[in-house]
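Should a chain be cited, it is by its letter among A, B, C and D, assigned in written order, with residues numbered from 1 in that chain.
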């Protein structure tokens, strides 16, 4: 059956390769726009202006008195270490709170996730309006007679307070991301598990400790990892609230690139951020893959 | 459990816990809303009220701050941001929609690996590509162009668009498509006349999401442009030396579209974010 | 209208083989039911006929035309989906008119045909509604109306009644069958519900594990199952099976079962002669066994006594679980009767209704 | 994502349609606008790139007032493009090297124009003849003759001065009079400033001295153009010297009485108006607002002098036309317009940049500007003047600033050992000049 064979051939080429045709443009775009800059970044990081191999950028990064690499690394890690636990705790609390039904729950839900759409720059500015010397916080406390001169949150000499301001702004802005992950995870736990525990007389704490937490573990893990990933990209909030007073990795990349024109050093920062993220991402993917396979297997 | 509790009036503890619960929810909501409201009020406050330590909440309002900010260059920057965001939406949908559809509708070799790759790329810190991209862009004449920023933003948005659209297409029952096949449509017609109309609300929400993503992005925009600043890049580089109330006007302009879009797409927000960050 | 011929269909999904060689002829205007448990390949077969899947091997003919690799749109088939697949963004009338409009039927003809189909399914009043304003049964009618409006060569139905509640299902069963008679369209109907299959099908193709086990009229399937699978799958409660050895005793052939023995009738003896000394599987339907007091007077049967293990009173029928040695026999008695659990009961079974299958292949011997 | 009936209703098809329509319209408008701004440059539209008058308020004045007026008079449409210094250098360099010049007029500081002229990027403006009706001071014209050509036309000058809230005069330290400060006598020294700030702190309990040391502030100019020349006689070459050590020791002492919010301030007008500081140093343009709002409250005074003299920066901005500019004639017309006395007075009024033509200087109206102008004049004419110019290091100017700021942060704010910091950073500073080949700026070179 000749015509049938021919039909079959044309059919299979289109139908078999159609998904690849559909995916190819997006994938090649991504690979080019990530692969090319990464390669270019590595070249930039290790060559001088004439294209010769050099370690000058690395030396600058590590040893130049102008370089704030160690401070940036330290601050980035410290910000992550302080912010993430607070966010996870608040998000967990809010998720538990908002997973019960009450009048106005939907409204509360929307309000809690509003910060998802607020950019880091805007978030920083919003908190600047709260905390600046003429901001709401200081004016409020002064009007209430609790303080007589404003509390300074900004300025190189108040770096501890700047740090606090960044923490506040980031907790305010980015807790919603953690919240959404944990909340979604909580929604997936069948109510029957919890009700079963209730029927058997479990107290709230026992329910939390022995039913909800263990089942929420995957969500918590992925929330933690994603927040950690984002933490290494923290930029806008810090730039708005502290400028370079509190150097962070992305901020230094920006500064070296646009103010000092040290393209090689900026590229090094980029590579470092990418490398850290890839490592965290790898852990995430491994974990996700296990979960994905479990889900597919179960479904 | 004492016997009196059964069937009788709820104990005092019940009311107390209700009040406590409402209190916590109220605090949580005001923790989010208060800073937004305050910064918006300050954005319209007269400088005199803002500088006066007595006016905790400003009493006199003016559009002068917004106007001044717009005169300073924010008008152009806002326009630029809108252009970049729209281009990003268009590019990432042109590229991402077919891929999302393929992931939703086809079984093919390597699908899982490709999907994991996309999930992985979504986690990649896209801002790092901006730094080396400058060199390429200078060569291509894309440096300091809105197109260049949009291309970089597309890279950032594309994995999200693929994953979101894929899950939207999955939610359109495949039988609706098959019915169309059976009744005489080919794949393209089916996509255009059945799948697309059904996915449209979801896709609109996804487009809004992409728009906001680009609208909010600052690092790449600041690195890749010099004069054609987008709004966040403009604020970061130019508006920071301006008086405070001008900065608040800037933050107001920045969050306004976000708030409007949240309202439009509010039903989708949680599920969408759930998909993109799970 | 055409006849449909399936030749040697094989379909693999990755490593699993869904179809292992399906051959089936559906005659013009015939109502054929594909019956089988879930995962047997019946839906895959239907989808291959529709063109939604392509077989890895084999051919599909509509009349003389090979359609194996034609896309669905070029086949002039219709389909009613399990979930109805009524497009939610179109009004009922547009749903029904859609296939016609695709075919560029003139608009006045479209209106006429939509009206015809709507009347046929009694949904004239629903035409202006959107699907989400309809109940499940109404949506089902819309799906059927949409399927028949184009006067397809072949009408395919994939478990169309499975999402309806029991009462509605019974009602729709007869309606669908009547409708099919009236328009005379060649129909392939997939279901896992044997009652549906028995009541609706002109012929039934029983499928299992990617193969057709038997094709025949409902009567054939019920009375003369071709193999142990068909015997077990059709009929409720399930046919009683037990291993038995064919032995010769006093010149007569006896089926030696677990705790009882059955003398064979003459016509049976002639077939089973070759199996002397071998183990076979004997089967008897629950409705072909009777408590001794209720047995038809002329019944030539074998008596077996056991302990009543359990009784299901269904009102119209009574199901008795009788323990005979290690084995539980299920007996269905029409009417309502009282039996005491634990008491002894002697049942007679209709020797003429005995089925015997080969132990190795499961094929029917008698 | 489940598309339930409710959620589908939530965004009705109509809403989705409207949004799509809006997006399409916006895209169309945007693309049109983009096309218009990038492609459709008519023959009479010229680009004026400037590193000056870039802050938003000044830009809106340039675009809304100056250029609108210019267009009315000449019909020439000008697009003003504000840039940072490094952006300007990069842009001019790349455009000149590629031979595709889009910029018709450059407004930049002396140092950068010097560098552009040395690379041969600038037209000789003498060929356009003279500008009638205005006289440029000889000093400025001499600065503008670079590498054998008339590289630019002096456009504006500016400097950094001190502003005193008159309330502060009540707390003058012994031995210092109001007169000394206003005239800038030899008693008005950095030590006197320290004593004054200390006195203010002790009497009022507040740190009332302030500097714009915020992330976008110009405090770095105070370090290299004021303190260094005043204490070491040079901006750069004595960076790591015993005199420099003394200078940093002084600054550490002074900083005890400096308002710690200084590190947040980018411009001093706000803190002065809010009364957070009574003594401030900043660029004239960045304090103008305060004096304008309350001209009777503030007085502009020369900066104090140090052991080596009264170091201060004179900023000269010039207008230049790049070689191969698309429309040099229109650019020259714009230069003509911008240097007219009336325009220059307008610029002074709005921005605080001082005129370069003598005819304009004479017609400054009384009031806030007079206060400023008097202060600036007093500084220029004060004894022991040590004029410093900002060096032109092109893309390395960021590094230059970063070195002084780093030194300040480490020594003053973090209390690191002065000598250690200076000997670490000194070589970095010298390397910048060696790498770029830029000459040491005055007063080092003088």
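Assume a residue touches a chain if its C-beta (ideal position, glycine included) is under 8 Å from a C-beta of that chain, and two chains touch if they have at least 3 such contacts.
Owing to the predicted nature of the structure, the values given are computational and were not obtained by experimental measurement.
Chemist: Mean of the CA atoms for each chain, then the mean for all of them together: which chain is nearest?
Modeler: That would be chain B.
Chemist: Measuring centre to centre, with centres taken as mean CA positions, what chain is farthest from chain A?
Modeler: C
Chemist: Between chain B and chain D, what is the gap in Å from one C-alpha centre to the other?
Modeler: Those two chain centres are 37 Å apart.
Chemist: Using mean C-alpha positions as chain centres, tell me how far chain B is from chain C in Å, no decimals.
Modeler: Chain B and chain C have C-alpha centres separated by 53 Å.
Chemist: Averaged over CA atoms, how far is the centre of chain A from the centre of chain B? Could you give it in whole Å?
Modeler: Chain A and chain B have C-alpha centres separated by 14 Å.
Chemist: Among the residues of chain D, which are close enough to touch at least two other chains?
Modeler: 8, 13, 214-216, 274 - these are the residues of chain D that touch more than one other chain.
Chemist: Residues touching two or more other chains, restricted to chain A: which are they?
Modeler: 134, 243
Chemist: By the touch rule stated above, which residues of chain B touch at least two different other chains?
Modeler: 51, 197-198, 240, 244, 266, 271
Chemist: Name, in rising order, each residue of chain B that touches chain C in their complex.
Modeler: Those residues of chain B that touch chain C are 107, 173, 175-176, 178-186, 189, 194, 197-198.
Chemist: Per the contact definition, I'd like the list of chain B residues that touch chain A in the complex.
Modeler: 21-22, 24-25, 28-29, 31-36, 38-39, 42, 50-51, 53-56, 95-96, 98-99, 101-103, 106, 108, 111-112, 114, 116-121, 123-136, 151-152, 154-155, 158-159, 162, 187, 212, 215-219, 222-223, 232, 235-236, 240, 244, 247-248, 250-251, 254-255, 258-259, 261-262, 266, 269-271, 273-274, 277-278
Chemist: List the residues on chain D that touch chain A in their complex, please.
Modeler: Contacts found on chain D: 86, 213-216, 260-264, 274, 276, 395-396, 398-399, 402-403, 406, 409-410, 413, 421, 424-425, 428.
Chemist: In the complex formed with chain B, which residues of chain A make contact?
Modeler: On the chain A side, the touching residues are 16, 18-23, 25-27, 29-30, 33-34, 36-38, 40-41, 44, 94, 97-98, 102, 104, 108-122, 125-130, 132, 134-136, 138-140, 142-143, 172, 177, 180-181, 183-184, 222, 226, 229, 232-233, 235-236, 239-240, 243, 250, 253-254, 257-258, 263, 266-267, 269-271, 273-274, 277-278, 280-281, 284-285, 288-289, 292.
Chemist: Given the complex with chain D, which residues does chain A contribute to the contact?
Modeler: Touching chain D: residues 64-66, 133-134, 152, 154-158, 243-245, 259-261 of chain A.
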